[in-house]
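Look for chain A in each of the two complexes below; its partner is chain B in the first and chain C in the second.
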Partner chain A sequence: MNTQFDYKRIETGLSYLISSLLSIAVALIISSFILLGQGKDPLQAFSLIFQGGIGDMAAFGASLVRACPLMLAALGIAFAFKAGIYNIGAEGQIYLGAMFATWVGILPLGLPKIIHLPLAILTGMAAGASWAFIPAYLKVKKGFNEVIMTILLNYIGVYFVNASVHSYLQEPNGYYPQTSKVLETATLPKLMANSELHAGILLGLIGAVILYVILQKTDFGYQLRCVGSNPEASRTSGMNAKLTLIAAMLVSGAFAGLAGASEVLGYQHLLLENFSPNTGYDAISVALLGRLNPIGVVIAAIFIGVLRTGANTMQIMMGVPVTIVYIIQAIIILCVLAFTNWKLDLSRFFERGAKDANSKLANRS
Partner chain B sequence: MNWKKLLAVMLLGVFTLGFVVGCGGSNSGEQNGEQSEQPAGEGGDEPLKVALLTEGAVNDGGWNASALRSLNAIEEQFGAEIAYTEKVERAQMEQVLRTYARQGFDVIFGHGFQFSEPIETVAKEFPETKFIAVNGYVSGDNYYSTNFKFGELGYFTGMTAGLMTKSNVVGMVAAVESPTVTADVDTFIQGAKEVNPDVEVLVSYVGSWEDIPKAKESAQAQLSKNADVILVMGNSFSIGVFQACEDAGAYSIGWVDDQSSMSDTVITCGLQDVGTVYLEMVRMAKEGTLESKVYNFGMNDNNAQSLSPFSDDVPQEVQDQVNQAIQDYLDGNLTLDLKY
Partner chain C sequence: MSEIILEMKGVRKEFPGLVANDNVNLQVKKGEIHVLLGENGAGKSTLMNILYGLYAADGGEVIFKGNVIHDNTPKKAIGMGVGMVHQHFMLIPALTVVENMILGMQEGPNPVINKKEAANKILELGKKFGLKVDPYAKVWQLSVGEQQRVEILKALFRGAELLILDEPTAVLTPQETQELFTLLRGLTKQGLTIIFITHKLNEVMEISDRITILQRGKVVGTVNTKDTNKQDLARMMVGRDVVLSVDKAPANPGAKVLEVKDLEVKNDKNLVAVNKLSFEIRAGEIFGIAGVDGNGQSELVEALTGLRVVESGEVIYNNENVTNKPPRYLIEKGMAHIPEDRHLRGLVLNMSVKENMVLEDFYREPFTVNHFMKFDKIDAYSKELIKEYDIRLSSDDIPVGNLSGGNQQKVVLARMLQRNPNLLIVMHPTRGLDVGAIEFIHKRIIRARDNGSAVLLISTELEEVLTLSDRIGVIYEGQLMGIVNQKDANTNELGLMMAGSHKAS
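Now for the complex of A and B:
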């Protein structure tokens, strides 16, 4: 039994490794042609992406800053997807989370940091969760389609926040459509000098561990995975599928809200219109890239962060148009997605090996 | 069958590894060469290195396009080495600014007020580099902001509209309700009322700088309320307003660029010459005369703002009256209630 389990692990690990390498290779080859078409040296371009993304600590710090909101939002999305509820609404939840966190952050409450900061973060999370509660409730009670609901709520959320920045949340002297700066007592600490790296990334890592434990080690997690894979069966076997769905959606929204809150409290320090465009949608690809596994999501988010930051550096150093950079990024993500879902036939090989081992064992006894 | 497939996969894997390893190996050599080359090139004649960051696309035919044009003008006039990055989201601004600063760029422009905060953060780390936020609000030892004197153009275009209207209703289609925009909206109303006390001014905000159909709808709504002169205070969406004016046989006034070639309805345009701003800032940076302040560029500063020539539809006496007012303003005989 034990040996078989080990085979299984080696098999998944190896197949993941090989498919990842394959996907990156294919992506690099396709991108090379595009770069050659632009008259640029692909090898130099890729080395610049690498250098700009993880070349030194400052570059890696910048990559982690990019990765942070993606990671937090994707953790939530993956959690909801696991439960079989498709939360496409991270974008709106991020915006609302950011808005409410900013709102608490700029209130002169006179509180010490130890209270003010968690208060701002929790408000942001609560805002994200409440925004996610609307589609969750309507799906469970009225049978609305959560995909359409969340997409539409994105528009409402984003425009609501943009309108707020133009009106009651606008800075007092009112010159620019932006809020006042968040008070010092509500900012997340910086982790590194001369970089924007803030403690939000730690929240992401802690969040990933917590979600992993919930999913894998608790009754609720088991129930959630059951509901995700077969809601009818779960219901007939006595699980409360509706409650599980709502809970999953609340957690998902809270993480998206946290993503928005940490982006403002840790990095941008004031709220602008369109402060973080498309993060909620990018986070969906991060969640899928991480195979809906919290640890995988962390890795995928850092990967995308490195790719984005490195691609910026490449664009600057080589003068490649930004659109080409976007195309290359998309090719890399698409290839990674395609290949991670491509089952290698390795499994059969290992199964055969395992069978041989088993039959030998059987023969011996 | 399985073995063949496995072999294929393995082979591919080996190729992949080879490719990746080969890539890494040759890359490091490539990069070293690159780095050793650059200082050598700089030591020769040391051209000024100027970089530009825009939040939107530089081919938007408006605000961001004007930035790229200015950058090209800088290359021509100062023989500067130029580079730019477009579509910089808020979350990347610091990193892109830093990358340019590390590359040894002397002057780095952020094209929009959104760059103010990132510039303030990054500028302190690179005391040798000069950072400029266009339409920004921050300034310090090595970072500066520029603004247009918002409100000037509104007044004189308002005058023109007030004199040209026959129905005594004029319209404004503006982009967003921000202070830099409302400054011109306020003076437009003042200017129009000054010359024509009976005039009614309709103002609509499109809520975007690009939404052509919505701009057209706003213009149509104003035209249906009898407006016969419409100022379009956007840039990329002007064409929508011009079309509506063509259909209704009304006059229009353009903004930022000389848009008279886009439609026969255009009687004049309020010009904001970003190019002048860029060239002036680079000149001062080169001479080392930049002061840590927010620079305001108006009609008195090398024509950074001006009205474009009137079309033939504008009667001579109207032209004379507006030009006289502009002259009075330039001579200091007319004071405007400006917020900038």
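Now for the complex of A and C:
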């Protein structure tokens, strides 16, 4: 029995790996044509992406800084998706998390770092969670569609935060729409000299492990997976599906809030208008790319971080328009998603002809 | 003898750790109704899925109308004239009948896109085979029996000459079953061939010409229906003698466990489904509710188990008013519920068999200590249930949705019976089970009763209600037409009550 289980795990792991590599290969080929169409050398472009994203420690550090908010927000999104609630609202939750963390961060409380920093982080998380609570509550109590609700709340959240740096949070006597700098006692420590890399990435890694343990090892995670897969059966067997959805959404919002908080406290150190545009939406693709698995999300976020940073280098060095860079990124993500399904057919090699996809259809009797 | 339309030779199919079909030989003659019989997990659905191109065989040959088929796919199978009706229909509820018919037929050499043309063809086919269907009705408005007719029509529409029906009668009322049989006989007169899967031996004797029996993936034999009988068939498929009647001591009713007073419940359309219903059940007795499907049974059970709001009236459980209490509360008080639809309410199909064994009790010791799940304990428990309830599978790590239909039902039953409930609410407990498993489950339900459980049994199978219950109520349009003791029950009177006449007192 045990040996068979291991065999299955190896099999799934291997097919994930193969399908991921294949999808990247296909994406690179398609992108090559686009680059060729632009009159650029694709090989040079790809090697620049590689060098700029992961070529040396400094480059990799920069990539991780990019990956950090994506990772944290995507972890939360994946968690909610697992419970069957579609949180498209990370964007707004990130902004609110950042605003509240900044607010605590600039308050001259005279507290030591060991208190001030966690306080700022936790306030940011609470803000994200509260923002996520609204659509969760409306879904569970009134049956509102959470996708529409979270998207609408994104607009409100983003504009609200942007307005704040023009008014009550604006730096004293300042001309710019920005807050004053976060106090040193509230900043996340740096991890590497000559790099912006900060401890936010550690929060991401620890968060991933915690979420993984919650999902796979605890009763709450079990319940969450059940509710996400079959809410009616979960309800019938006594689980409180509504409460589970709310809890999942709170966790999800807290992680988005943490993404915003760590971006300000670790990297930007003050809040700007549109300080991190579209991170919440990009994080959705990261969550899907990581197949909703916390560990997968970590890898996917780092991958996108490298891609983004490397693409910047490519853009600067080769003068490729930034839109082309985005198109290439989108192609890679699409390929990876497309190949997720293809993985099912791949299992034929392992299962001696069993068509997994079809067996689901077939064995309904 | 008539010609052989289908021959399967030495067919083999393995799933990891299990041989589902082992050197299976099957010959089907043109124009016959051929029944496939076998225990749960014997490999019937697998064999048919190979024929229909859903699975690729690991070995053997399929010869249809004299041609060996290579690299079969559903498209190929349909093209050659094989049609299949799965137990769970694959129609799209929001579309009309005709839209469902032409779905997936827009490509190929003869694309069908003209709805009007298709509708005419449906009417024409309907006339030819005596199948009345309104092409413009939306599928969700149709009864289960009608949906099945649409599925059959869909296969005929695509030119099926061989029609596979996988447990078509499991969800039908006796009357709908008779209508289906009339239809099938008509089809064979027109030269169609039918392969029919069922666990109901009465039906086998009534409808089939020949029977092939499978046991653990192997063919035991093929017999002519006129040369055999129910006992022999049961023995051939299970490998031992099966007691087809139920053996039980008189009930010994104790304290009142459940009392339902003037219960009123609404259905999804907000119409009254359960109308001022009252009854009680005592410890140590089985109270059966018979009735035609759709007379408020589902709503009644959902109200009793905390899944549906009670509009008025009371539910008293162990001397406590539990009206509108949530399911967890009732489960913790010792109520167990075997739901009507195992896919909707009974199982989380994409989770493992093991994980499905603790759906109710996962948060309690020994399965969880300090919020951490003890997977070794769950594993041991699951292995124990699998053994005790003879659930046939290759590994309990596979998704429960990969189990055969009957074995999925056994997972639900095992989970519930093992909890030693003081109140057991069961709905269609043996739907899709083979005769051996039915015998076993009936015994277990009676044992639960003898151990002091109060049992509420709801089934559309009158025979099951009649043989198991100590007292029988008949439900009609949400009201009880009367309650009779088992020993006084006669089918005639119950039949009349099921049609809506009150009990003559």
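Observations
In this section, the second predicted complex is superposed on the first by the 347 of 365 C-alpha atoms of A that agree within 3 Å, B and C clash if a C-alpha of one lies under 4 Å from a C-alpha of the other, contacts with A are read in each partner's own complex, and residues count from 1 in each chain.
The rule is short, and it goes like this: contacts are C-beta pairs under 8 Å (C-beta built on N, C-alpha and C of every residue); 3 or more make two chains touch, one makes a residue touch a chain.
Keep in mind the model is a prediction, meaning the values are calculated, not measured.
Shared-chain residue A:Q315: touches chain B; no touch with chain C. By the touch criterion stated above, A:E196 is placed in contact with chain B alone, chain C being left untouched. Considering which of chain B and chain C touches more of chain A, the answer is B. Looking at the shared chain after the overlay, A:M239 reaches chain C, while chain B stays out of its contact range. Touch criterion met: A:A62 reaches chain B, while chain C stays clear of it.
By the touch criterion defined above, A:F220 lies against chain C but remains apart from chain B after alignment on the C-alpha atoms of chain A. Once the two complexes are laid over each other on the shared chain, residue contacts for A:H269 go to chain B alone; chain C is not touched. Of the two partner chains placed around the shared chain by superposition, chain B is the only one that A:P177 touches, whereas chain C remains out of contact. Note: residues 352 of chain A belong to the chain B contact set and to the chain C contact set alike, using the contact criterion stated above. By the touch rule above, chain A contacts chain B in their complex via residues 18, 21-22, 24-25, 28-29, 41, 43-44, 46-48, 50-52, 58, 62, 65-66, 69, 166, 174-177, 194, 196, 263, 267-270, 272, 274-277, 279, 308-309, 312-313, 315-317, 319, 322, 344-346, 348-349, 352. By the touch criterion stated above, chain A contacts chain C in their complex at residues 1, 4-5, 7-8, 217-220, 222-223, 225-226, 229-230, 232-240, 351-355, 358-365.
Taken together, the chain B residues at the contact with chain A in this complex read 2, 5-6, 9, 12-13, 15-17, 19-20, 23-24, 26-28, 30-31, 34, 51, 57, 83, 85-87, 89-92, 94-96, 98-100, 103, 113-114, 117, 121, 125, 137, 176-180. Per the touch definition, chain C reaches chain A in the complex via residues 14-17, 45, 49, 54-58, 86-88, 90, 166-167, 197, 305, 307, 326-328, 330-332, 337, 339, 343-351, 355, 359-360, 362-363, 368, 371-373, 395, 397, 401-405, 432.
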